[in-house]
Amino acid sequence: MAEQLTGINKILIANRGEIAVRIIRAARDLGIPTVAVYSDVDRAALHVRYADEAVHIGGPRPAESYLKKDTLIEVARKTGADAIHPGYGFLAENADFAGQVIDAGLVWIGPSPDAIATMGDKHAARLAVTRNKVPLIPGIEAGLSNDELAAAAKSIGFPVLIKAVAGGGGKGMRPVRRAEDFETALITARMEAESAFGNGDVYLEKLLQGARHIEFQILADSHGNTIHLGERECSIQRRHQKLVEEAPSVFVDTELRQKMGEMAIAAAESVGYVNAGTIECLVDRDKNYYFLEMNTRLQVEHPVTELVTGVDLAKEQIRIARGRRMGPTENVLHPKGWAIECRINAEDPYADFMPSTGQITTMILPTGPGVRVDSGVYRGSEITPYYDSMISKLITWGETRSEAMLRMRRALSEYRIMGLKHNIPFHINLLNSISFIAGQIDTNFVEQRFNMNTYEKTPTATQLETVAIAATLYAHRERRLASQVVAPAKRDASNWKWMGRFERMHR
Amino acid sequence: MAEQLTGINKILIANRGEIAVRIIRAARDLGIPTVAVYSDVDRAALHVRYADEAVHIGGPRPAESYLKKDTLIEVARKTGADAIHPGYGFLAENADFAGQVIDAGLVWIGPSPDAIATMGDKHAARLAVTRNKVPLIPGIEAGLSNDELAAAAKSIGFPVLIKAVAGGGGKGMRPVRRAEDFETALITARMEAESAFGNGDVYLEKLLQGARHIEFQILADSHGNTIHLGERECSIQRRHQKLVEEAPSVFVDTELRQKMGEMAIAAAESVGYVNAGTIECLVDRDKNYYFLEMNTRLQVEHPVTELVTGVDLAKEQIRIARGRRMGPTENVLHPKGWAIECRINAEDPYADFMPSTGQITTMILPTGPGVRVDSGVYRGSEITPYYDSMISKLITWGETRSEAMLRMRRALSEYRIMGLKHNIPFHINLLNSISFIAGQIDTNFVEQRFNMNTYEKTPTATQLETVAIAATLYAHRERRLASQVVAPAKRDASNWKWMGRFERMHR
Amino acid sequence: MKYVTVIDDQSYEIEIDNDGAILVNGELRDVDFLNLGGSLYSIITENKSLEAVIDDDEGKIAVMMGGQLFETQVLDERAMLLMQRRGGLKITSGEVTAPMPGLIVMVTVEVGQTVAQGDTVVILESMKMQNELKSPVAGVVTAIHVDASQAVDKGDMLVEIGPSPEDDRA
Amino acid sequence: MKYVTVIDDQSYEIEIDNDGAILVNGELRDVDFLNLGGSLYSIITENKSLEAVIDDDEGKIAVMMGGQLFETQVLDERAMLLMQRRGGLKITSGEVTAPMPGLIVMVTVEVGQTVAQGDTVVILESMKMQNELKSPVAGVVTAIHVDASQAVDKGDMLVEIGPSPEDDRA
């Protein structure tokens, strides 16, 4: 069969932030120019700076810009872009948009609208994969009223999980442990789903206790090849938002990888899937695994797979969309080394992970061997309330899990972000946690068994004294600056001899 | 034979800058605490910030601090450090210091003082490696007077190369093409050598035309194992200072790698070498190769070897110094992928690469897949005249040479350093040069066949117009700020609508 | 200047002389304290090299060091006197303010209602998330300043919680 | 404001209206010019997204874009008049100043000596390197301000080169 090649001469990226930058980089590495789009607040964003072209498309709210389907297609036409990459989030899993792109004669860098639609509808997805004998979690279907759902929850037995039919990324999802909490959880889940996806319909699943979230990366090309690139361990979550991901998983041996990998391929094939995708599963303590959903796009956490397989997933997506055969040809049963990703979010781990907004006033990146940073911001960038709170992704690789963890600890301790609250302290404490180090984690670990205030590393008396001294010097300095009581000439002979000098340097 | 293990519980790093940071990171990855030392101007340097302990040792001139042998050993004693890593430069190839360290009962993370002494004396080095049948460049020995050298130069025939006996890194080295230039070159070479090494003695070598600088990475442990990790191509030089390095070399096939690798092992074994070292060679167009010298330390360009072999050389150095068997056990005949390093120096490529000093006011690092930065500075750091001009090393990896080059181009275009002049424009132009892309390079390429003003990419009319517009808007703005002639209210409706907003954000 | 600095239940007497010498509980300490720009500080003490991010958090000094957050209070002589007169350090505000700009989704309490510490009082939508804002204290809701669907800015007062009647021994 | 902007041998008539509109040789251009802090600018023009580092370099405007350095001159109406009166643009200084702090190793010329453009006049040691400072013009050495072993600061005047006697048509 002759290869059907689709020319891609310019790619419009219908997204923003780090994933837009990631795709620009992949396109650059392939020598393909890119078009960025931006909202009012993103004029100075990194994706606008790094793209070859940039077009302003509207206001800061997603509905005014990044979700405007017609505008995006029009911009592609106007700039001569012949392909659209949706990234993740926004329109990435919107089958209508994929269809419109294709109808406009453009290349959609992603799976077919049908595959998106089927996997995007949880009911249809369950039906599809069941045909290929993929195991499912016990639960009930969508479309029920609040009262029917309350009754169903009782019959399934608590704990249950409320999930949005149109869901993804933990939005519109609520675990409920007691009957009396069900109604409030249902209302907020529906509202969140309505606001995020324009669809408030939800369904219920049995909540598995002590289960891990393990997912398989799939690649499929238009020549009938479907392979998996091994698993990612994503059990470190909070409110169903992943915070840390690893590849491989300590819990998966070669035999389980082979079995689950084949299941993942079967799930993808059940909808004739082409391009990169992810089969998310829950795996219980006895290594029983259940299909959760398929994400029909590039995942946030794709870099950990890249680092242990050597495959550039964003480049493969473009290659596949061009109609070429994908680069890798075999299932990855023996990943090389170990990779860990920490999502660096503008969230305050000391205040219930409340999102934080503001301008980044200091950013010192960790660098050196085995460290990768995927970021869409720089010093001076503003984290606004309009988009998600991810600042960057910090990824480390090591020959072994322990090397990857040591490098992550080191990188976290080097990373300096100021101007807003962020979750680096969470990651530092997690990486010091005995359970995490031992790989004894499940999806409830962070919420139920981890606490920012009970450190595995108790501060020593010396450390506490140093903290007290630092706080006192800080306060002393602030008050002195305010009142100017000490003659500046006195400074030079003091222990602070360097301060004046360095502060002049940094003015 | 039982392994003789040397406990290393804390490492003092007798160095500064990126290499000190590199060693701190390796030690951290092994769980070993570190002690940094610093001069007056380095109080806020990254190596001081990242080390577990830091001790002030004197004034900014190297002789007042980083070269003070007794002080360094005393600091090790005082802080309980039981090992010293010298990095590169400063005391790294000082046999006396290595001996003092060992006599003080500390572990020297490097080869034996004897090996350093022999390889550091070019005459002794040539004698040693000749015993193991390592081929040498025709030349004459050291210790001659100026008149004798002038006569010898004529008998060898121009071009000749003047080299310092104690040399390294291009210092005290001068190529001479005409007899009438010989005297001045000799005087400056002797002065430079005297100032850098305290030894003005020089010798002569025939200058090979069109030769490449190719070097082999050696690792040897105290259990009698010596291997090579393949070659690095270092022909992109200026005044014998390397600017760009690659691994592997386009010029080296598996057969040549095997032959040269065995030669390199033989050269190392001729002095009973233990630890990491590098055999530098010149290779002519007919693939004849000649031993130049052995560098008895970690090289600046070691990361390219790390990226294509997966071996962490800094960690192996520590492991070997502990008396353990080194991790890798086989010669690397098939490196994985391709790596390129660009040295980012504070040098103005538009003014004869004149060093530049000043404070770094902006630093935006390139990030993303395949990019590694080894750096010892951050925004606010001062580049002083006291130390060398290297700001950082930018290293990219790709599956192929062309992917590594595309990623390097992308990374260079993302990298922003302001506050002083630097050579990123040189690297961008080099990466656009057809000869470099084709791998047609030799050690004279930069000086004789490369010019910053004849771009391979001629600017288009549109580009020139954009430059003219940018310059005019800049000048207009500066003059307006100076004279305040335009009412600020007029701004909002203009094309500059974002400027005010963003500048407020960045105040 | 003499200070008393409190971390959790530990307190330190710290004296900073005019010549910069630092004494902790009467003992001299060798401290090199250097601002690196913004809230970032480098501290070298007894050779140990440490970094801290230090911010003034409504009168408390928050020190982030080694991934741990320490809330401290630094009291000078006047403040110590004042505090001794008041009879204690603890002041916890019953005010719930918006931690970021966003849209009020729901106010889940009513004026007069008794709440426990940690009870959700407001749901605020921001950054595509529904954030449950909780009461910092146990008490009675005394005022509600916002309605559902209202847009709020960072720092806006949302709900006030006063002491419970039975807790009126203050 | 009207400007004439010169790059190499090209010149552009650029007009910036009070309302911000930009005309190049009479044609309207769509330009979004944004400072990103320091000397860094983002330019979006006809959708193309570009970045430039722009600095004032002794009256010339140096624009670094895409790894290429462009030296431009931006002349307003007064400067154009002045220039037309003087009869040309070219001004090259015969002053050799220290580009960085360092130690003078050697002055390789004497007062009265004729030098070609590019001849080494001073050797300056800095950053562990011997740097050869070259004459920016052909001419005659008129003054030497430093001696060997002398420490100099950035910007210090080292050597001055004046026009050659036979070149005295200016």
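Just so it is clear, A, B, C and D label the chains in written order, and each chain counts residues from 1 on its own.
Here is the rule we go by: contacts are C-beta pairs under 8 Å (C-beta built on N, C-alpha and C of every residue); 3 or more make two chains touch, one makes a residue touch a chain.
Owing to the predicted nature of the structure, the values given are computational and were not obtained by experimental measurement.
J.: Could you see whether A-D or B-D has the larger number of C-beta contact pairs?
T.: B-D
J.: Give the label of the chain whose average Cα location is farthest from that of chain B.
T.: So the chain farthest away from chain B turns out to be C.
J.: How many angstrom lie between the centres of chain A and chain D, each centre taken as the mean Cα position?
T.: 48
J.: So what's the Cα centroid distance for chain A and chain C, whole Å?
T.: Computed value for the inter-centroid distance: 31 Å.
J.: Rounded to the nearest whole Å, what is the centre-to-centre distance of chain C and chain D, using the mean of the C-alpha atoms as each centre?
T.: Those two chain centres are 54 Å apart.
J.: Please output the residue numbers of chain C that touch at least 2 other chains, ranges allowed.
T.: 32, 34, 36-37, 48
J.: Give me the residue numbers in chain B that touch at least two other chains, ranges are fine.
T.: Answer for chain B, listing residues that touch two or more other chains: 43-44, 50, 362, 379-380, 498, 502, 506.
J.: Where on chain A is chain B touching in the complex?
T.: By the definition above, chain A touches chain B via 21-22, 25-26, 28-31, 43-44, 50, 303, 306, 310, 312, 337, 359, 362, 364-365, 367-375, 378-380, 382, 398-399, 403, 406-407, 409-410, 414, 498, 502, 505-506.
J.: Applying the document's contact rule, which stretches of chain C touch chain B when the two form their complex?
T.: So the residues of chain C touching chain B come out as 32, 34, 36-37, 42, 44, 47-49, 51.
J.: Which bits of chain D are touching chain B when the two form their complex?
T.: Residues in contact with chain B: 1, 3, 5, 7, 10, 12, 14, 16, 18-22, 24, 29-41, 43, 45, 48, 50, 52-54, 56, 61, 63-70, 72, 74, 76, 99-102, 105, 123, 125-134, 154.
J.: Across the complex, what residues on chain A touch chain D?
T.: Where chain A meets chain D, its residues are 35-36, 43-44, 48-55, 78-79, 379-380.
J.: Would you pull the chain B residues touching chain D in the complex into a rising list?
T.: 171, 188, 191-192, 195-196, 346, 348, 350-352, 354-357, 361-362, 385-389, 412-413, 416, 418-419, 424-425, 427-429, 432, 452, 455, 457, 459, 463-476, 478-479, 486, 490-491, 493-496, 498-499, 502-503, 506
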